[in-house]
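Have a look at this one before I ask anything.
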Amino acid sequence: MLRFILRRILLILPVLIGMTIIMFVIARVLPGDPVGLAAGPNATRAEIEALAREFGLDQPLWVQYWTYLSGLVQGDFGTSLFSRRPVATDLAAYLPATLELVFSALLLAILVGIPAGLMAAVWRNKWPDYLSNILSVAAISMPRFFLGLLLQLCFAMWLMWLPLGGRFPIIFDPPPGVTGFYTIDSIIAGDWDSFWTALRYLALPAIAMSLSPLATILRMMRASTIEVMHQDYVTTARALGLSPRLIVFKYVLRNAISSSLTVIGLYFGWLLGGTVLVETVFDWPGIGLYATSAIVSQDFMPVVSVALVIGVLFVTANIVIDVLYGLINPKVRYQ
Amino acid sequence: MSTIDLKTLSRRSFLALSGAGLAAASFPQDLFAQSGRNILIIASTQDIPNYDPHTATGYSASFFLRNTYEPLVRVAGNPPEPVPGLAESWEVSEDGKTYTFALNPAAVFHDGSPVTAEDVVFSYQRALRLARGNSWMIRGIVEPEGVTAVDAHTVRFDLATPFAAFLQVIPWIFIASKAIAEANEGGDDSTTYLQANVAGSGPFKLRRAEAGALYQLQRADTAWQTGGGNLDGVIWQIVRESSTQRLMLQRGEVHISVDLTSEDMDALDGAPGVVRVIEPEYRTFSIKMNTEHGPMADINMRKAVAYAMNYQAMRDASGYAELMTGPLPNGILGHNPDLEVYRTDLDRAREHLAMTDTPEGGITLRMVHVNGLEQQRRWALIMLDSLQALNIQLDITPMNWPDMVAACQSPETFPDLFPVYQTANYGDPDNIAYAAYHSSRNGGWQNAVYHNPEADALIEAGRTEIDPARRVEIYGQLQELLVADCPDIFGVLEKRRLGMRDAVQGFAFTPVASNAIEAWPLSL
Amino acid sequence: MTALLDIRDLHLSMHSFEGAAKVLSGVSLSVEKRQIWGLVGETGCGKSLTGLSVSRLVRTPPAEYTGGQILLDGTDVLGLSEPQMRALRGRRVGMIFQDPTTNLNPAFRIGTQLMDVALAAAKHDPAILGLQPGAGRRARKQAARKLAIAMLTEVGIPAAESRLDDYPHQFSGGMRQRVLIAMALIGRPDLLIADEPTTALDVSVQAQILTLLKQMVAAHDMGVVLITHNLGVVAQTCTHVAVMYAGTIVEKGPIEAVLADPAHPYTQALLRAIPDRSVKRGQLQGLAGAVPNLIHPPPGCRFAPRCALARPSCLEGPPPVHTRAPDHAVACPVVKEVQNA
Amino acid sequence: MLEIENVSRVFAERKGMFGTSPGVRALHEVSLSVRKGESFGLVGESGSGKTTLTRQILRLDTPTSGRILFEGEDMARLSPAALRALRAKVQIVFQDPYASLNPRMSVHDIVTEPMLIHRGILGLNRQQRTDRAAELLDLVGLGPQHLYRHPHEFSGGQRQRICIARALAPGPSLVLLDEPTSALDVSVQAQVLNLLIELQQRLGLTYFFISHDLGVIRYLCDRVALIYRGEIKEQGETQRLFDAPESDYTRSLLAAMPPDVRRVAGR
Amino acid sequence: MTDVPQDSRRSARAEASRRAFYRFRQSRLSMVGATMVAVVVFFTLFGNLLAPYPEHVRGGLNTAERFQAPSLAHPFGTNELGQDVLSLVMAGTPVSVAAGFAVVLIGTVLGVVVGALAGFNGGWIDDVLMRFSDLMLTIPSLILAMAVAAALGPGFVNMIIAIALSWWPGYARLVRGEVLQAREEVYVAAARAIGASPARVLFRHILPNIVSPIIVKMSLDMGFAILTVAALGFIGIGVRPPTPEWGTLLSIARNYMPDFWWTAVFPGMAMFLAVFGFNLLGDGLRDVLDPRARR
């Protein structure tokens, strides 16, 4: 098991290299003049060239790539062409916000999606099932940004129950950082007011993000539950007099969850990549917003680095899922 | 809300209230005071990517630098006038080429060390050396060796050429501590250090920077400036949507909002606790035409388009704005309000079109607007609509700012039409005239292609002339020349739109860089 | 004395897009203790549905019971509620299915699965665990564990105690089937329904499992319904046999009687199709034609369209059942006539 | 006609999610020879290597060592063209008639496909192929009226007849029968077995018959080999092997066979 | 003689499609989805013609009637330039649907080529192609699409290219998996045993049998492609003005919330309903065409 984990972690390395190559090639092959913007509107051509030299952008692509990669090894994600801040510093500031949002959304999706999916399967072809089916297709069809806007319109603009956006009331310092997750940090600090405040800021964006994965997990869970309920061993369990409750919550649940796990892993990556939209709507200071502004200004290093971080998190999440899968699924574990 | 005793409202209950988003539409701004300190919150769409005093640009950076650094001279009032900054007083020679500034001996940097003439010399030389940021304003006028420290508190500038607006541009050259900068030189002329650290002598210092979210300034305990308000701190909060800014202002979650649209201003009309500031300023918004390449190189085509343009729609879509009369901002020194300019007249438009190579139209023009600039987008659509009357199609290309800047480098890549704002950094006709019409600016976005030796001569004359009457005459000629030449569709002057809580005291509007708020005079 | 299992004239329809298929039409079967009934027939003749019906495991809908009774010790299971039914499953009726690989839950240790069945059975009959009523949870669990070990040992799993914590995939096919037999028997049922328990196994393992089954019947005083398509397995194992065709039982009786003197043309055809030692190459006889459509079954005898002896009267009504020898019943009018003649 | 000489097949180790599984020895030094015109039976339980061996004969897989000669020629050394020609001569009928027919193709397309592929050898044009397909269907006891139906419209026995027709289409001399009746009911099995015997007599085919059912083997085969865990345990004349088994494995297998049904009756 | 088989062929096909249609109709939601898609397709074909203010679709404006609330004259109100929102939303249908369809089509073609090559050949070709598509899947697709679209500049074609670039790996994986699975089918072994060439095996035996899951994925992806198109528009790097794309309309309109909510809500609802329709239809199709995935 440990060897398996180690090997999977080592496998991240080629993924990293592959991703950076692809991003580099894409970024460099495409048109655009990032230096032009960075130099500022009043810059002369000579100044632009000087800036390009400073950032090594006049070098051949492979030299640039090598420079980037060797920096990466030392935890240096390069420097933003635009702000000239080290990208690593920015990432350290933005990443916890995004992760807090993504984890909350995923948690919500799992906590609601799995039981709801199980219930839908148990009440198959009865009205709760139909209702959950319609609602989940609707949820999947709902653009996150539109949902975000509607939530904002209703709960922040008209009803004024929740904040419009942001992460914490700005005149106060956020809870002292251990994890960078305001909710967890405030619990650690025992500051319940801050906790509720952070939670209220988190609520709308997390809901907007979670709806689609929630629906998908629900559907997946429903499908796999139904599939498992058709398995021979469930028939055997019924034939030998086990109660439906025991069958559903013990025999079916574990098997059904293990097939939903993969979806959860995939959704983690999808959520990370998709925070862009929700963060834009809610002014959530995370890497999505950071990436958006970098993309608009064609600031290459932040874009590559954000993509890289998301990629690595995604791969890591899948390793975690694989391990969990192994824990739930004895056949895999012992092979 | 009114039942809450504001005096006893603790941080705890404030958090509870703000977390709840507050049920009532009017969020008593006094609550902020109850948080223990007087902290002013300004909402803006723009991040502060860099706060090196000599490389940073943009109004958000200007806000930051104006509050954390001190220039020799500040600008205040309406019309804007130079007022003492680091310099208590100054003298100008007869020929306008020598300026001598006497520094305020009380002035100290945030680390407590006094501001000396050496720091001034260092800062000007560094700005010229780095050749970024606002240094273009003094380029060719101040040479590095022309700045000398006469003694510890006296600086002399020997200008390369007289410059009528000199005192108007030096508010934008900030003085950094030579000692701190040199201690953190870092092989890159301190740029790495200064873009993330403050070495200034302004009334505020940096407390907290969360890029993309907020920048919190705190009153410097070394603040030597006099006559300030009661603020303990200022927060520059980035709120990307103007409508959100407006709602936050209404709810009292911010004190000042600097990026409101005209629609927002309308919505704020009569909002309790909100003060609207709608003031004219010198920021022009025009549509540049490619006078060098393509169909617009033909003056008749330019005039045809200028006559076809729906000026009423332009004005309607601009909200609080007035149509420009000619190339210079209305009301600025030398502006001629009686100038005869183009107004919608389809007959004359067709007359001019008939004189072009394509008398029946049938061509497609290309207009670029910068991504994210809503007003530019609207104008592109208005242009599209207007040109349909001439049987001319319009191909609208949204471009990112850097691509647009790149496209400005040659007439071949410059689009046929390009709407652009020109912000007045200083209240002098030279600002717009030089930046927008002088051929030395060709290849840059402010004046990518237009060049006319006659205009150049007039602009240069206006710049180096010190006698105001003579300047009025020169700029009068320039305006007539430019209208006749028609390089631009002269657009509108948008009024500056600020929204403010009524608790903000001590605010005085000045029409230059008016959204880069100076917080020192303000109180809550 | 009432029979252990008495299926009386059972009718079952299966609804689908095409219509209602009459998949069981008047099935009657009576099983006593210590009897091993072989239920044979070709694919789709209704053997498994008959077996599943005893435990009421056929989903309704799409299935629908249109007549008949299934008496278990005199009680009609078709009239029981689901909780009442649950009390019977595992404790009165044990079941074993075809594929030992898919019938054990791969995610749980076999000990857990055995103990769960034992605990469920003990809910209705605490005596199974050998505990006083009201024994604690812990005690119950421990007793269940002991019982599981005993049961595994009984079905011939070596080192049973140490294997309780193993997962199903750690067992071979034959061993898994033994585990399933242990699971089916742990609640001490009187009746065991074994649905093709050896079909998925190799011949050598098949023999062992069948031997085990016989031992278990003797040891536990059970009645067994062994569902299979393999007459060889029946011959090897059963005391009685019932031959099914298209949802009906065409012939049933003690195994010697039926196999030595097959009366029904279908039984005869089935026997002629088996390649055994006495058959020379090319002498095997197949059965022409196909199983009838059960949505619109032929009137009268369902085998008539394929029957060499069929005559017009066969299509007129359900074939009369007549007794050929003690307990040897045949549903065929022609045979009766021939016999009478 | 078919010589299998010391054929071994080892599957390389495979990387699994949680570790590596060691190499699997599927066939070990297998030697067999099949004579022209006979039915050769191969008996083995699941996982004994029967299927792996057929894959080697069909050259769907390559042995790790050893060689397979067909009509005296080493199959591994055949040119691609010769291998194609060989494919016409060696045909197979698979176990599962439900899975071995492409559900998207009509019976006509299925049966004419081998003729289309081997048209260079067979030289049949389109119409001739269709005619021959109809003949073949007739031959296997299905009428030509089934020509344009799809597999899902047929019963298992009928499908297996289609498979046989497809196998016969290119005019093979050797037909591998990989448990062709084990998925069928016993009455249908008898029909298919009889059909196979009839075809062998009419067309002079050689059968390589694989099964786990000793009864079927005894019924159909002239000679038989027993394979266990990739090794041949015993081979010889069918009658001899059943009457006087030599290896323990054979004996145990015979002992496990269900008794003859008719004998039980006389018990 | 020839008549009979012809006849039976026809009846077999008819029977199969009748059965499929029955199964499809069984699910009321699929029918709702099909109806909604029919409406969407209708507006795709005729949206431009039916718009009550066609001149507004072409970029015409009327600044005298800015921000009119919904009324009889303007059921969806007017926007910041006095354009009729209903007309813009209607005219936005073909944009979104065409873009979504193009993305899915390009993604499918690329994905099928890559996936079939990888799955069918196996070995190092499979390794290389699949590692590459895995990498492409690892790169967050929206960010990739945004970056490419931003670099290429706005425009209908650029946007499609940008999204399709991140779209194909999903198909490649699906197709590869299906090909791998189909490759192990007995009928494929049978085809190889009768001497069918690799190309024949692939095109005659494998690909026709994996069409259903591909079609199902395409129909399910249609909705997501439309969403992604709208997302790019929302970020502000979608089509060029005055093309009335829903995401772009929404992105502009959010500035005018909450007072002029109609400028945002109607384009958003159009987007939602179109995607909803496609997803319902895709669900129904999956139930009919891909029985393995059926519940």
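Each chain carries a letter (A, B, C, D and E) given by its place in the written order, and its residues are counted from 1.
Throughout what follows, a contact is a pair of C-beta atoms (placed from the backbone, for glycine too) under 8 Å apart; a residue touches a chain by one contact, two chains touch by 3 or more.
Please read these numbers as outputs of a predicted model, since none were measured by experiment.
Q: On the document's contact criterion, could you list the chains that touch subunit A and likewise touch subunit D?
A: The shared contacts of subunit A and subunit D, listed by label, come to C, E.
Q: Identify the chain pair with more contacting C-beta pairs: D-E or A-B.
A: By the number of C-beta pairs in contact, the winner is A-B.
Q: From the C-alpha centres, identify the chain that is farthest from subunit C.
A: Ranked by distance of C-alpha centres from subunit C, the top chain is B.
Q: How many angstrom lie between the centres of subunit C and subunit E, each centre taken as the mean Cα position?
A: 51
Q: Averaged over CA atoms, how far is the centre of subunit C from the centre of subunit D? Could you give it in whole Å?
A: 33
Q: Based only on mean CA positions, could you tell me how far subunit A sits from subunit E in angstrom?
A: Going by mean C-alpha positions, subunit A sits 24 Å from subunit E.
Q: Between subunit B and subunit D, what distance separates the C-alpha centroids? Give it in angstrom.
A: The mean C-alpha positions of subunit B and subunit D differ by 87 Å.
Q: Where does subunit C touch two or more other chains at once, residue-wise?
A: Not one residue of subunit C touches more than one other chain, so the list is empty.
Q: Would you please write down the residue numbers of subunit D that are in contact with two or more other chains?
A: There are none in subunit D.
Q: Would you pick out the residues of subunit A that each touch at least 2 other chains?
A: Only 31-32, 157, 280, 296, 298, 334 qualify.
Q: For subunit B, which residues are in contact with subunit E within the complex?
A: 241-243, 247, 261, 263, 267, 310, 312-313, 316-317, 369, 371-372, 374, 377-378, 380-382, 384-385, 388, 394-400, 403
Q: Quick check on the complex: what are the subunit E residues that touch subunit A?
A: Residue positions touching the partner: 29, 131-132, 134-136, 138-144, 146-148, 150-153, 223, 227, 230-231, 234-237, 247, 250, 254, 257-258, 261, 264-265, 268, 271-272, 275-276, 278-280, 283, 293, 295.
Q: Can you list the residues on subunit C that touch subunit D in the complex?
A: Touch list, subunit C to subunit D: 42-43, 202-204, 206-208, 229-236, 255-256, 259-261, 269-279, 281-282, 284-288, 290.
Q: Under the touch definition given earlier, write down the residues of subunit A that touch subunit E in their complex.
A: 14-15, 18-19, 22-23, 26-27, 30-32, 124, 133-134, 137-138, 140-146, 149-150, 152-153, 157-158, 222-223, 226, 269, 272-274, 276-277, 280-281, 291-292, 295-296, 298, 303, 306-307, 310-311, 314-315
Q: Show me the residue ranges of subunit E that touch subunit B in the complex, using the header's touch definition.
A: Subunit E residues touching subunit B: 58-61, 63-64, 66-67, 80-81, 150, 153-155, 236-237, 240-242, 252, 254-260.
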